[in-house]
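Presented sequentially are two complexes of chain A, the first with chain B as partner and the second with chain C.
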Partner chain A sequence: MVHIKRLQEEGIDIIAVVGEIDASSSIELDLAIAKSVGEGYKRIIIDCHAMEYISSAGLGVFMSYIEEFKDKGILMVLFGMKEKVINTFSILGLAELLHIRNNKEEAKQLINGLSI
Partner chain B sequence: MDYQYNIGCSLTNLKGIRDFIRESLREQGITEIAASEIVLALDEMCSNLMIHGHHCDPSHILELHIRIPQEHTFVFEIVDESNVFDINQFAEPALGNLVNEKRKGGLGIRLVKSIMDNIEYVHDGGKTTCRLTKIISD
Partner chain C sequence: MIRLAFMVAALAWLVLVFSDVTILFSDIKGLPPDLPGWLPRVMFGLYAVSLFYYYKFKIEQDEALNFTDLLWSVFASGLVFTVISLAVRLVLFLLGETALVGLDVFKDVIYQINLGLWVSFLLAAFISWKRLILYQKSKWLIRTWYLFELGLLIVLSYDCLNFSIGEVPSTILSVVLGLLALVLSANMKWVAYLNFKQKWTSLLLLLLTFFYLAYFFITVTTTSESMTSKSTAYLSFQSTIFIPALFAFIVTYSVFSFLVILFNLPTSSVFEQKLEEVVNFQRISQSIQTEQNEESVYSILLESSVGSVFADAAWLEIRGASTEHRFYTYKITEKQAREIRDHLKSKNIRGVLDQSTDKTKNLSKHLAQLKGTIYRSIVSFPITVKEETIGTLALLKELPDGFNKEMTRIVSTFSNQAGISIENFRLMEEAFQNERYKEELKIAKTVQKSLLPERLEKDNDFEIAAFSESADEVGGDYYDTIRINDHQIALIIADVSGKGTTAAFHMSQMKGIFHSLAQQELDPKEFMVRANQALIYCLERGSFISATYFVINTQKKKIFYARAGHCPVLYFNAASNSSGYLKDRGKALGMIKNKDYCNHVETNELSYLPGDIMVLYTDGITEAKDSKGEEFGLDQLNNTLLEVTDRSAKEIELHLIDRLYQYTGTKDINDDYTTMIVKFTGESKLINTKPV
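What follows is the complex of A and B.
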């Protein structure tokens, strides 16, 4: 069960993921990111502080946007992951392919720095 | 010690599987990080079976067992009546290729193989047992 909340700050779309993302709920994460892209956001931050679990289905959602975001000049930064969650990204080497920061301030700093 | 849990093949039941494994491992004093990796591997195996072996038909049952045959050795078994492929025979595509092809799938088996120490299949009387072994040292 996952809840996805979106809010906007300083032109950045912030997508908060609350709960567990697995094969039954990864579609909700996918739809939220697709909606953000569809609305034209070029800076997207994923708030993971209340994400309790992610399976390969959720990792696959993030992975599938890496190339598209490069092509479209969209920046995405994730922040606030619990140790057990970031460990899942690290097992596959995905942590090196995504921008991940500890907290929202660092995520904003990075996304604003990258977009200069 | 033998923990058992039977569940219908609906993806909405994956949370129940995760909770069962977490609780069983907590009782055994396994750390949260070690347990979370095992939960992940079992979630991947069960979701694969539900989707590819049972077309998410909730009347089809997966039977899960957790046994600890000796100290530090944890054996997880998933018993069902499907005949899905042996993941040992599956060659995972390179991560770079998955990214380039904008694919969402292809990561689950890689995760399971990274986490578990041994994966084997036993076929007996129309049933298939997928046995995953994890050595957890202190």
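What follows is the complex of A and C.
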């Protein structure tokens, strides 16, 4: 089960993921990101500090946006991942394709720096 | 039985005529009769009883007859009898004033023919009336009816035996019979079930029945009068109680029916209306069972509501999942409907189209303010499914205050029922989807199983053992081996992201790629680059495949491999008696959708020695959880291997799986467990066998 909360700070859409993302709950994550894009946000931060687990389907969600974001000039930064979670990202090689930071401040810094 | 009854009746009648004529003849001639005087009467009784049974079998048992059919059968038998009677008259007329016609005996034959026909008609009507009276039975009513029948039978047998029971008892019997007949005649419930047209038909048929009754009554009475002046020895109907009683009953009930139908004519439309409402109600509730869709429920609701309250126009607004609203309209355009709705909204009139309340008003004042609309009254009802309003039904009339309480009640019932129907429909749809999903999973599982190799490659240098078990939800684990040439063998382990049929489908694509590319003796990196290129166009959005591809070269005693995002290989080095994971870089297939992928994967090589062990696995194994939710993990996998490094590949595999089940504490796995163990043998085996 997963809980996804969205809040906006300084024009950045922050999507907080709480719980586990498996094959079925990955759809919710996908919907949340799609909604954010649909609302026109150019800067998206994913708060992963309460994400307990992510399955391959969940990783697929992040992967599927990489190209689209590149084309549309949308920036996405993930932060606060647990070691176990970040491991799954790096085993797949997905960590290198995404922007991942340790905490919210770093994530904000990165996203503001990149957008300028 | 019908035939037997008819035969008996016919025979009895013939004997009756013959005996009666004989007796009459003897009487006129002043001779002592050859036949006993009671014979005609008994024969008459027999005739009546067998005819009664004849009609009982013919009319009462026929379930298919409806009310007008019953009346029609009475009418038809009346018609037949009248025609016969008229034919006899015609013959008489043609014969003229011949000597034969003048004979009293001949007159008696004619009289008996008419009497027989009349009684037959009365009995036919009697049985039909019985069915009408007993249409809505109650115990009490049935008892009354049988009492009445019994009374008639007593009267009939009294007639037959022709003994006198005295003035008082016979009067009491007549009064009782009359009362019973009156009580029974009050049962007219069937009339209510006739529609307008049927009522008219029934009136006409009853009218004709009166005509027959009158015709026979007059015919028989006149003949009887002319005969009584000569002799009274024949069987006349006035001398019986049965015939007048029966006649009185038939006439009474006919008159009652006629009057009741006549007075029910003006209200029949109301009853029909009610009946139609019931039918409509049923249609709404049944529309779901007949595999119709929500749309048909909506149109039935609209149609039924309009029909029930005689609305001039109506619309049904259904809020879809998104913001769009769908309109179903009757005699009004969607634009007009929207205008009225927006008008009422803008005037902030509560309780009209307000979803939260079903308070309704006729609101001619407000509607009149809207230009271009001819409607002066409106009622609306919310349609709720699972306590959520999904739409509004609005009915319009050109008259102000056009809807009464009764109408709103009916339509509110309709819309409630429609809500229930739609809810049921959605539940059924859900169940159906679930069932289909389960079926799909079954297929996917079979496909997945069949994609895994039945047999693994063997070589002098190594042995391979593999295990794969999938959870209920099918995953996409894949492993395979293929011999490239005499000294090269290709191995693959892969995990398709996601689950279900899509995963199984992608897995089969991976198998195809493996089998076609491996044959080409490709460098593992090149294999991955080409596989990625092939998969870019096949994989669904968000899907990818993690894989590790190996080529074991037995000539060079080397392993060449490329890891594409798959779990790192656990390698046991026999020489140093140590093990570790080979964490090389490499991204999963399908992740980078361009030629750039060649920068994200590399070929690695390592030499192997006998006794070395390679453990390939998918994340299902390392992510297997115990009862506390702790994962099996890489360290435990490593430790498990270290316990059994001296055993064969198969034994290592069994040990690992055993440990895994022990760890999770259940046979029900929640992910796919796939592992492939490669144990290098060869020289070390030779060394071991040398001393022997």
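Here is the rule we use: the second predicted complex is superposed on the first by the 116 of 116 C-alpha atoms of A that agree within 3 Å, B and C clash if a C-alpha of one lies under 4 Å from a C-alpha of the other, contacts with A are read in each partner's own complex, and residues count from 1 in each chain.
To be clear about the criterion, contacts are C-beta pairs under 8 Å (C-beta built on N, C-alpha and C of every residue); 3 or more make two chains touch, one makes a residue touch a chain.
These numbers come from a predicted model, not from an experiment.
Under the clash rule set out above, the superposition-derived model of chain A with chain B and chain C contains a clash between the two partners. Between chain B and chain C, B contacts the larger number of chain A residues. Residue contacts after overlaying the shared chain place A:G60 against chain B and chain C alike. Applying the stated contact rule after C-alpha superposition, one finds that A:K84 touches each of chain B and chain C.
Applying the stated contact rule after C-alpha superposition, one finds that A:V17 touches neither chain B nor chain C. When the two structures are aligned on the shared chain, A:I111 is found in touch with neither chain B nor chain C.
When the two structures are aligned on the shared chain, A:V37 is found in touch with neither chain B nor chain C.
Among 135-143, 423-431, 495-503 or 549-557, the region of chain C with C-alpha atoms clashing against chain B is 495-503.
The contact surfaces that chain B and chain C form on chain A in the two complexes overlap at residues 23, 30, 56-57, 59-61, 63-64, 66-67, 84, 88, 91-94, 97. Residues of chain A that touch chain B in their complex: 1, 20, 22-24, 26, 30, 53, 55-57, 59-61, 63-68, 83-84, 87-88, 91-94, 97. Chain C meets chain A in the complex at residues 473, 495, 497-500, 541-544, 546, 564-568, 585-588, 591-593, 600, 619, 631. Considering their complex, residues 23, 30, 56-57, 59-61, 63-64, 66-67, 84, 88, 91-94, 96-97 of chain A touch chain C.
Residue ranges on chain B touching chain A, taken from their complex, read 11-12, 14-15, 18, 32-33, 36-37, 39-40, 43-44, 47, 50-51, 95, 98-100, 102-108, 110-111, 114-115.
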